[in-house]
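Both complexes below contain subunit A, partnered by subunit B and then by subunit C.
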Partner chain A sequence: MDILINLLPHIVNGLSLGLLFGLIALGFMLIVGVMELINLAHGSLFALGAYFAMTIINPDLSSWGAIGAWYVSLPLGFRYFLGLVIGAFLVALVGMGLEVCMRRTYGKKAEYGLLLTFGAALVIEETIRITWGSGEQFLPVPKMMSGAFIAGDMIYSTYRFYAAGFGAFMIFVVWLFLEKTPFGAMIKAGAHDSEMVRALGVNLTRLRLYVFAFGALLAAIAGIILTPIWGLRPHVGVDVVIPAFLIIVLGGIGSFWGAIIAGVLVGLVVAIVGAYASQWSLMSMYILLIVVLTFRTRGLLGKKSTLEN
Partner chain B sequence: MFEKRTIQSLKTLLAAGAIVTLGAGVIANTAFAAPVPLVIGFTSDSSGQYANSGASDRRGMLMAIDEFNAKGGVLGRMIKTVHMDTETTPATGSRVAERVIAREKVGFLIGAVSSGVANAISQVAQSHGVVYLNTNSSSPTESGKNCHRVKFVWDGNGANFAQAAIKNSIGAYGKDVLLVTNDYVWGHNTSDATRKLVLANGANIIDEILVPQGTRDFSSVLLKIQQLKPQVIAVAVGGDDLKAMRSQIAQLGLGDKYAWVNNQQDWPDVYGLPADNLFGVFGTTWYYGMELPGVDTFVTKYQKAYPDNKMKVPGNVFYNGYWATRSLLETIERVGTTNNHAVIKGLEKLRIPAEARMQNHDAWMNAKTHQMQQTIYLATRNANPTSDDDMFTMLSYAAPEKVADSGAEATCELESFADTPVYTP
Partner chain C sequence: MNQRVAQSSNPLLTNDSGEHSHRVALTTQKTAIITKQMICMFIILGTFPLWSEWVGLYNYLGAEIAIWIIYALGFNLLLGYTGLPSFGHGAFFGIGAYAYGLTQLGIIESVWAGIFFSVLAGGIAAAVVACFISHRRGIYYALMTIAFGQIFWFTSMRWHTLTGGEDGLLNIHRGELNLGFFSFSLSETSSLFYFIFAIVMLVTVGLWRLVHSPYGKALQAIRMNEMRARFLGYNVWLIKWSVFMISGAIAGLAGGLFALVQQSAYPDVMSLHASGLIVMLTLIGGGFVSYWGPVLGAIVFFMARDTLGAMTETWLLWYGLMFMLVIIFKPEGIAGLWQDLMKRREKRQLKVNGSTENASGEAK
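So, the complex of A and B:
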């Protein structure tokens, strides 16, 4: 019984961590699924979103006189909302720019796309360093979401549960978008057979542009939600790419629910191993990947390719 | 047609002209050519866990070099620098050291924050006889079992800081001590030093939580801490890992619930963080707010050199980078040569008055371990700051001999001079 009581906080913690991992992987999954492109700039877009949001939430408007003073006096909750929406939208525009650069690599070896997104990641990270400096930054959150609460004899972070709840909400929104809208249907069809989609009259070029922008937007939202927990520095994106990649491979490339289940599974494993053998906590996600891929090479919910029949 | 005599004269004239031209060239080369610059290699991190500290370290080194170049260099030679990113990775550190020695022909190597990287660089430096200054890594092993004749360590180490902090904390808060350790060389060695002190003071280690490098989510660790209910938590976590851990501790409000003892708190790791992220006590070797002669001038000089830097005041990492470089160049001037054996002997005798180094006690180089012996300060968050930069309150300070790392002398075996290749850049 004592073991269960001790384990319970770690299971709750693992579920919240898993939802956050799922949020990180969403945009990555979308781009890999539709465009068959591993976007190595995903982490940098994650960081860029957080920096944009930070600037919108807490800008230096000392030279703007009364307008600056008025803006800064607005409630933090409102500025946070603006940061979340505008920051994510700006990163979506950056994502569109990146997709335009990608076009010459379509239909060529995968290495071209990989190298281009890797280069973009370096450029974005360096731009962040030049613009905002290399030091640690701080993304403020509204007071109602910060602080801690006590449950049993344990203290939990309020923001963490807000973040996990928001992660669950975003997962639901993306699912709704993919399953219940015509554009979502086009994205799924594009992921399954892009040439057939083109033959049916869908503008594939525009579809790819929007998908990339949507993936970048999701990366930015994940960055804005997660950096108050993980901290904000130019290379924070590096911490994101590997778990995101791992989760979509574990879940099965292109599978929405696969990515979500894998995210929750990774969160649970990392949290529980972190509690009882903390030195193995990071390693545990890789071991999980090896174990799953040993028995299911396409990941948890990955579908068999038609070429394999 | 020329007569034979005329041809002979012409040959003589040409030969004379050639000799004059050649001679003039030689004279010009010897008399008017500028001395060959002295090249110093910066081996500091630009990426990875210690990228931010690495940048601060470099700024310190550059300011010292600029001071010397402004007065004509060292021994009449201007100083050039070359930097390669060591990526907070030991393997890269080795590769970078080999490369800058072999290709760039550097005379000296300076820079480190990660102890693993410093150890890797120093092995390469020793094999070539290149003097290497470990500016900011603070694992006790750097001046203990991993010491080298060519390596000089400028920061206080985990054992120094633990001695300054642990005894007081056990006396004030209780005997149940939990260790939280970054799972790499510095973390383990620092926690080992802490463990010895804890046990020597009659307290108990109730558990040790190992934190892998690169950890960003500390929720499991913080839940585990709450379940273990320690009285004192001795933390040996550094760089970006510590930043993430601090902000998560602050979110939970655990900063005031336990007695946190952070071994050393590097300025670049905390600069710009909200005040509630700074909790517990921690060690440092220098703080810009200390009321000591020369501090204000030093801060002004920094601000003039780096007016656009987001870090508006220098911290301990910058300070160590600056003093290591300055002391090296002063030593070269004092011994009158860049020959490595002479410079090493000069550095082994180094002693710097407290007022010059802006500390409370004189500092000196331990010739047996090659670690700078210096004043160690205990600090905590400033509850009443006068500006955003006014983050620390200094609680106490200890003389170098009171916090000496006795274990280092027992384990350090410096190579003999005969086993250290002669190198004269």
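So, the complex of A and C:
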């Protein structure tokens, strides 16, 4: 019993972390599921979204005179909201551009897509370095959401809970979208049998473009929500894409709930290991992956996928 | 039937059943041990210290390029010949470097022992990893190599007492190279370069032989169609396992040499970034279509780093863009471009020959 009480805060921590991991993996999962493409640039789009939002929230408008002064005087909450929406939208545009570049690799081996997005990740990261510098930066959050509260004898950050709640909300929205809308049905059908969907008169080329844009949008939203917790550096993308990749494979490629379960599982493992051996917490997830994949070759809830060839 | 009996007496060509005549067909083409391209490369690389300063480069760069040529050639055995994308190869490079450093600092100050242990450590680590991944293909293979690469990288960062943490092992002396009858100091960069160059020659010739052996043909059969290779009677798992181990051992060798040159070993070379760079470098050079792809790739990469890097601080951006363009428009890389050029010339030659024949025919 004692152990359970001691563990409780770590479990709460782990659950919130797991929801955040799930949020990161959402956009990644969408692109993998529909296009059977591993988007290694996911993490860079994540970082790019956060940088865009940061610039929108706290722009350097000294040369704009009155308009600039007016904008900066707007409440932070409003600017934060603006940053979230516009930043995510801009990243969706970048994602569309990337998808257009990807087109020549369709129908070839999956490695080409992987390599192309690796190159894209490098390019985006270097662009961030040039534009915003390579130092650690700070993404402000509205006052309402910052601060901390005490429960039991642990101090929790308020923002973390908002973020986890938002993660759960986004997971729910994406689930609704995939399950309850005709667009979602089209996406899933396109993943299942693209030729048939094309024959039914769906413009698959455009569908792929939108799906990629949507995936990029989700990456950017995750970035804007998460960087206040994890800090904003140009190479935050690499730190993020690997857990996302890992969660998808752990959950099973093409499985929505598999990814969410895997996200929560990874969150719990990282938090609990972190409580006892903090240095090794991030490594525990790789070991988890290897253990699971050794026994369940397609992940927890995975189905057969063309990526195996 | 007679042929079959003769064949099964050769253990290299047969397995237990001894009736895979296609293997004979695969091995009948003779390949020269040393080719024109090889001599060309050896001459260009071997004379590097003579002309490097003249074109504004420096000797140390030659040593670096030579090490990465070894690394990339070993890597391409996996990527180009067997079609297995490893995104965690930096781990074996790093393990080789640490093994070299630990041998020098902890056991014995000998270049040969260091290199021996770096090859051994790289090979053993790769053999263990290969046990977990050899039944996999494609993206899952890539992912598992990433996961293992990250584990090794993490361990090297955290295991302070052994690896020195993020700073790594420092003060590894270059020492003396004992050749039996005489020994010379490796502290001078040009003697160091020639030592590494000798190893490059050995590795180049050795791998060239390997990829043109029946084993090398089996690797290519696996790349083209793994299932077909299995149906033809190859033990695909064992071949994939062994090629990963060989590739890891060569990466370990390169890593050991890297520690010798840098006089230190640190975890940076094991990161995902560094592992990705070797993939990029091999592909830009054209590892998919040519044995020489990785060599070209290593040369282009370091030249780009030094020339572009001198002009702008953002050379990685340009290199990344170049890589994207290569993947989009010419996945066969520089070697592929070269082959296209040669083919076009050949065609033109044929056309010219054809037209002269026609002309002479008309004259008759």
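Please note the rule applied: the second predicted complex is superposed on the first by the 303 of 309 C-alpha atoms of A that agree within 3 Å, B and C clash if a C-alpha of one lies under 4 Å from a C-alpha of the other, contacts with A are read in each partner's own complex, and residues count from 1 in each chain.
Criterion: a residue touches a chain if its C-beta (ideal position, glycine included) is under 8 Å from a C-beta of that chain, and two chains touch if they have at least 3 such contacts.
Nothing here was measured: the structure is a model prediction, and the numbers come from that model.
Superposition of the two structures on subunit A leads subunit B and subunit C into a clash. Legend: residue contacts after superposition of the two complexes on their common chain; A:Gly263 is shown touching neither subunit B nor subunit C. Once the two complexes are laid over each other on the shared chain, residue contacts for A:Gly22 go to neither subunit B nor subunit C.
Contacts of A:Gly252 after superposition: neither subunit B nor subunit C is touched.
Within the superposed three-chain model, A:Gly190 lies out of touch with both subunit B and subunit C [touch as defined at top].
Applying the stated contact rule after C-alpha superposition, one finds that A:Gly231 touches subunit B and leaves subunit C untouched.
Residue contacts after overlaying the shared chain place A:Ile290 against subunit C, while subunit B stays out of touching range. Contacts of A:Gly167 after superposition: neither subunit B nor subunit C is touched.
Legend: residue contacts after superposition of the two complexes on their common chain; A:Gly49 is shown touching neither subunit B nor subunit C. By the touch criterion stated above, A:Glu126 is placed in contact with subunit C alone, subunit B being left untouched.
Across the options 163-171, 181-189, 289-297 or 379-387, subunit B meets subunit C in a clash only at 181-189, per the superposition defined above.
When both complexes are aligned on chain A by C-alpha atoms, subunit A residues 279-280, 282-283 touch subunit B in the first and subunit C in the second. Subunit A makes touch with subunit B in their complex at residues 6, 9-10, 13, 16-17, 132-138, 146-148, 153-160, 228-231, 233, 235, 239, 270-275, 278-283.
The residues of subunit B lying in touch with subunit A in their complex are 47-48, 51-52, 55, 183, 209-212, 214-217, 219-221, 223-224, 226-227, 240, 243-244, 247-248, 251-254, 257, 268-274, 309-311.
Listed in rising order, the residues of subunit A touching subunit C in the complex are 38, 101, 104-105, 108-112, 114-116, 118-120, 122-123, 126-127, 129-130, 238, 242, 245-246, 249, 279-280, 282-283, 286-287, 289-290, 293-294, 297, 307-309.
Contact residues of subunit C toward subunit A in the complex are 85, 132, 136-140, 142-144, 146-148, 150-151, 154-155, 158, 272-273, 276, 279-280, 283, 314, 316-317, 319-321, 323-324, 327-329, 331.
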